[in-house]
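Sharing a structure here in structure tokens format.
Labels for the chains are A, B, C, D, E and F, by order of writing; each one numbers its residues from 1.
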Amino acid sequence: MKEQAAAPGTLGFCLALLRRQLTLAARRPIEIGNPLLFFMMVVALFPLGLGPSPEKLAGFAPGILWIIALLSNLLTSDTVFRSDFEDGSLEQLLLAPQPLFLSVLAYIAAHWLITGLLLALVSPVFALMINLPAVAIGTLVASLLLGTAVLSLVGGIGAALTVGLKRGGMLISLLILPFYMPVLIFGSAAVQNAVLGVPPGPYLAIIAAMLCLAVALAPLAIAAGLRISVDA
Amino acid sequence: MKEQAAAPGTLGFCLALLRRQLTLAARRPIEIGNPLLFFMMVVALFPLGLGPSPEKLAGFAPGILWIIALLSNLLTSDTVFRSDFEDGSLEQLLLAPQPLFLSVLAYIAAHWLITGLLLALVSPVFALMINLPAVAIGTLVASLLLGTAVLSLVGGIGAALTVGLKRGGMLISLLILPFYMPVLIFGSAAVQNAVLGVPPGPYLAIIAAMLCLAVALAPLAIAAGLRISVDA
Amino acid sequence: MPAQVPAGTGGEALLAVHDLCLERGGRELFRDLCFEVLPGSLLQVEGANGAGKTSLLRILAGLSRYGFTGRVERRAPLLYIGHLPAVKALLTPRENLAWHVAGEAVHSNDEIERALAKVGLYGYEDVSSHALSAGQHRRVNLARLYLSHSPLWLLDEPFTAIDKGGVAELENLLVEQVQRGGAVVLTSHQQLRVACQVQALSLTEGLVA
Amino acid sequence: MPAQVPAGTGGEALLAVHDLCLERGGRELFRDLCFEVLPGSLLQVEGANGAGKTSLLRILAGLSRYGFTGRVERRAPLLYIGHLPAVKALLTPRENLAWHVAGEAVHSNDEIERALAKVGLYGYEDVSSHALSAGQHRRVNLARLYLSHSPLWLLDEPFTAIDKGGVAELENLLVEQVQRGGAVVLTSHQQLRVACQVQALSLTEGLVA
Amino acid sequence: MYFDSVQAALSMDGHGGFVWSAYGICLLVLMLILLAPRRRQQKFLRQLAGEQKRRQRGPTVLKEGN
Amino acid sequence: MWSFFHKLGSPPWLYRIAGTIVRWLLPVTLVALCVGLVWGLLYTAPDFRQGNSYRIIYIHVPAAVVALAGYYVMAIAGAVSLIWKMKMADVAMKSCAPIGAALTFIALVTGAIWGKPTWGTWWVWDARITSMLILLFLYLGVVALYEAYDNKEAAGKACAVLTLVGTVNIPIIYKSVDWWYSLHQPASIKFTGDSTIDPSMLYPLLLMIAAFYGVFTCCLLMNMRAEILEREARTNWVKKLALEYRA
């Protein structure tokens, strides 16, 4: 028997996974730009549907921005594990000696980096386009940064549970939208308050608390979901 | 050589395709219910995100309903040809002796029946949920019936062009959202006018004209797109 | 490597290929390929992994339409079976055949049952296809061969995932098709054991191994 | 049909199976299966399409965790290769191996290049994997065998889409693994031509054909 | 020249920031699109020339060199 | 006549002729651009209502005009490529998209910068502005689709289909956006200078429009040259060119 090479450490493995996922995304730079463009186009849909009057739009801006961020996350969540499931990588991941809890976290982190983080960083541009008052922009970015992380984690649960189904496409929205709602409510409330001049700190704190909870629990649910999906 | 059995007539073939697609959808009833649930949830998101004042909502109801219908169509368009591409059915379709123009139409018709038609039929419920005045409901249903057909046809073009790509998910929205915009404008304007008591006939007529144009031209583009995708 | 394959038994060619050249990924896969497929001939395309067998078959079928030079004349309806099974997991084998997208012919229920029984799927007609094993899944697709009236078959590795018994039956079927005046072009890494003449077209370029 | 397979060469069993029964789709696939896989043994699971080979291997690997009765003891790290290649089309072969999700070991760039060369992919290290042919695609996955230090290999139809030369090399590799005290459990519809003893486990229930 | 001094030209009665930044962004983008094809072409030619060089020197040298 | 078309389809000929055109057009364009810029920035009198901020017009309008025209060039090239299967039309079409997107971007950004001092806001949902934004999406769609395909020949075909669909749709989109705007509110914001534009402002503007057309043409031709080389990498004339490049 060859002397047994030790399996790579958990941290190293997770970093390799993260790098793999980011490389996959970067192979098609278009995939990274897409959520942003999607964001911009849906921003453009609202004036077209609701009328271009600036005051009206401004009133709705926090809600609209948050709803779009949510949709854009929803749309991409489905793909987190799908391609890995389809080409058999997911089975292999389940067989890996490293703890699934952490590998799953690497997948979610990659997803958040290429959707949530980018979205939060460019959101000020879109905010200006639909006349969100400039004072609220800081809060918007902060709430998106925290909130999209929660969304990615929760979306991962839905993705894990539906990945084994032949066409999971919209089922996922059904499963995870209810969990998205609290994030949406507090996120848009934070921005709304910032517009009105009320300090948005408490709302942001609530979202941060949700994030802590999600980081602790969602990977467990995701790991369980993946095991079930691969087995089905 | 066996005597050669004639290939089935074009009409028979298209009907078989239609039946196949509808059966596939019916095999997962959740898939049919999903766009509706999605619609309902997003309707529920708006009051959450925008604040529940009824008058405000009523003014925006036509636009909101149309935007959601559009998004729900956008989300499902991507899947029209994808599974057929992945399991090789699409290649076989291209090799069939029947004209591709018509077979493609069968696919789109099936997509419209299970998204657009159903959505239009249940939309009155959602309309009432966000306080759309009752007089406009007839117009809403009519505009959705016509409009979603255009959306399905146009969405099919995007789906055909991106089906061969490894991860087309969001690219399709970038490609087709600009083409969705006129439908959105006229659709929501028709409903808006019905709310204001202006007869919405002309707007509906414009959407119907777009539908005629789309029925005549979109299948050509879709067929060309499919041939390219299978070849790439 | 210009290749020249001698023709089959007789009659007008079902497929004629003139001066076909293909380059992919910077390597020339074949050059100046000229051959005809006559009724009653069985042509096996040989070559190592990556030699260009699949690429050639897709060009012959008309699925690849650019990237190559040369001319392919298709003079008869053809049936193509590729790497992908074209079997919908959500439909039963019966439905898969009845509503097949290749639109070759309308088959009666009886014909379909008989074809499925011949590929060893008797009793599985109405099971959802995703509950079939890998080989059974491919067999659903192969049942099309028992239903087909197309004179020309293009088969890309039809024996994949099929057990020994299945391979033997399939070989018999190929012989039948040849004997009734049809023609078969196939690729396979296995040696054919058939009771008729097999022409070979070998694509030598391949893995560098 | 209770099956009892005699054990391999020596040492403690890498895998022990007790009273395994499985029923799928209303058919009993196997019953009271008891066997051990000892170091130095090569076990070929045989059976027609649909006999339950894949189902068995997935149970052994631990991927299927319910629906069966009986007990499986895994006493050593294992490497499982299934029907799906687990090769990402967007990554190059090199990246696919370097960042493989199975997390077996960290491989140096040299090791990876050597493994790829051994499966005949010299020169293809940095080509995008979707530009590989069907067989080359599978070979990327098989390169993992050259890198693996796992004592137990579970291989589900490893020869699919591989050409004759490739099959011969793979067979040599299996013999090596057995000789250095590892064990291999594999399914295949082809007869193995190896220079070591092959145990057979045949699942007789299968197609009714 | 319309402006009296460089100072005036820079400030443009308070609108200088807008005007100059607009012109700056415009020039930057124009430069990018004018230079991009040239860079791309040269990179490609260099790569192709290198490839030919390697091929001429033969496969034995290829492993050590480049 | 036919021989001309024949030549147009020949990559080496097109490569060479494009090179020649660029060689004399590029300097002329750059000079015009510099003259126009300095003229517009420093040598014209300010608008009596908007003051100095109106100087942005000398880049804003040319960019917008050329970006629009670019779409038609792209559409025509796409049609030619699909109908006559001319590979070089494919190349032209593909090369238009990024330039068009860049010019549209310039028009939008300079417009937004202009809006701040003039209207007090960076952005309004005006009909023309909205159409311009949609044009940006159309361009980006083509760029994105092209990049997403690995097989560049297939990518060209796919983009040609998309462009043609866009061409049928553009009038519909523009009309509907116009109409949407007039439905929702009487235009409270008007572009200045309907007819009042002074010749002293008009001449530099015309010069800048010409210069932008020049930039577009040069970029297009240079992009096409690069694209031709990459597509013809395996042919002898390109290999010879690479040898010369080394020497």
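To be clear about the criterion, a contact is a pair of C-beta atoms (placed from the backbone, for glycine too) under 8 Å apart; a residue touches a chain by one contact, two chains touch by 3 or more.
These numbers were taken from a predicted model, which means no experiment stands behind them.
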Notebook entry, point to check: Which chains lie in contact with each of subunit B and subunit D?
Noted result: A, C, F
Check: How many links in the shortest chain of touching chains run from subunit A to subunit F?
Finding: 1
Next item on the list: With centres defined as the mean of C-alpha atoms, identify the chain lying farthest from subunit D.
Entry: F
Notebook entry, point to check: If you list every residue number at the subunit A and subunit B contact, are more than half found on both copies (same) or fewer than half (different)?
Noted result: same
Check: Which whole number of Å gives the spacing of the CA centres of subunit A and subunit B?
Finding: 26
Check: For subunit E and subunit F, what's the span in angstrom between their mean Cα positions?
Finding: 18
Checklist line | Whole-Å gap separating subunit C and subunit F, where each centre is the average of the chain's CA atoms | finding: 49
Notebook entry, point to check: Rounded to the nearest whole Å, what is the centre-to-centre distance of subunit B and subunit E, using the mean of the C-alpha atoms as each centre?
Noted result: 44
Margin query: If I count partner chains per residue in subunit A, which residues reach a count of at least 2?
Written below: 28, 30, 34, 37, 41, 44, 48, 51, 83, 86, 166
Next item on the list: Would you pick out the residues of subunit F that each touch at least 2 other chains?
Entry: 134, 137, 140, 144, 148, 150-151, 154, 177, 180
Notebook entry, point to check: Which subunit D residues reach two or more other chains?
Noted result: 83, 89-90, 128, 130-131
Margin query: Give the list of subunit F residues in touch with subunit C in this complex.
Written below: 151, 153-154, 234
Next item on the list: Over in the complex, which subunit A residues touch subunit B? Could you list them?
Entry: 28, 30-31, 34-35, 37-38, 41-42, 44-46, 48-51, 59-60, 62-64, 66-67, 70-71, 75-76, 78-79, 83, 86, 165-167, 169-171, 173-174, 177-178, 181, 184-185, 188, 192
Checklist line | subunit A residues touching subunit F - in the complex, by the definition given at the top | finding: 28-30, 33-34, 37, 40-41, 44, 47-48, 51-54, 57, 128-131
Check: Which part of subunit A faces subunit D closely enough to touch in the complex?
Finding: 1-8, 12-13, 16-17, 19-20, 23-24, 27-28, 83-84, 86-98, 103, 227, 230-231
Next item on the list: Would you tell me which residues of subunit E are touching subunit F in their complex?
Entry: 1-3, 9, 12-13, 15-16, 18-19, 21-23, 25-27, 29-30, 32-34, 36-38, 40-41, 44-46, 48-49, 52-53
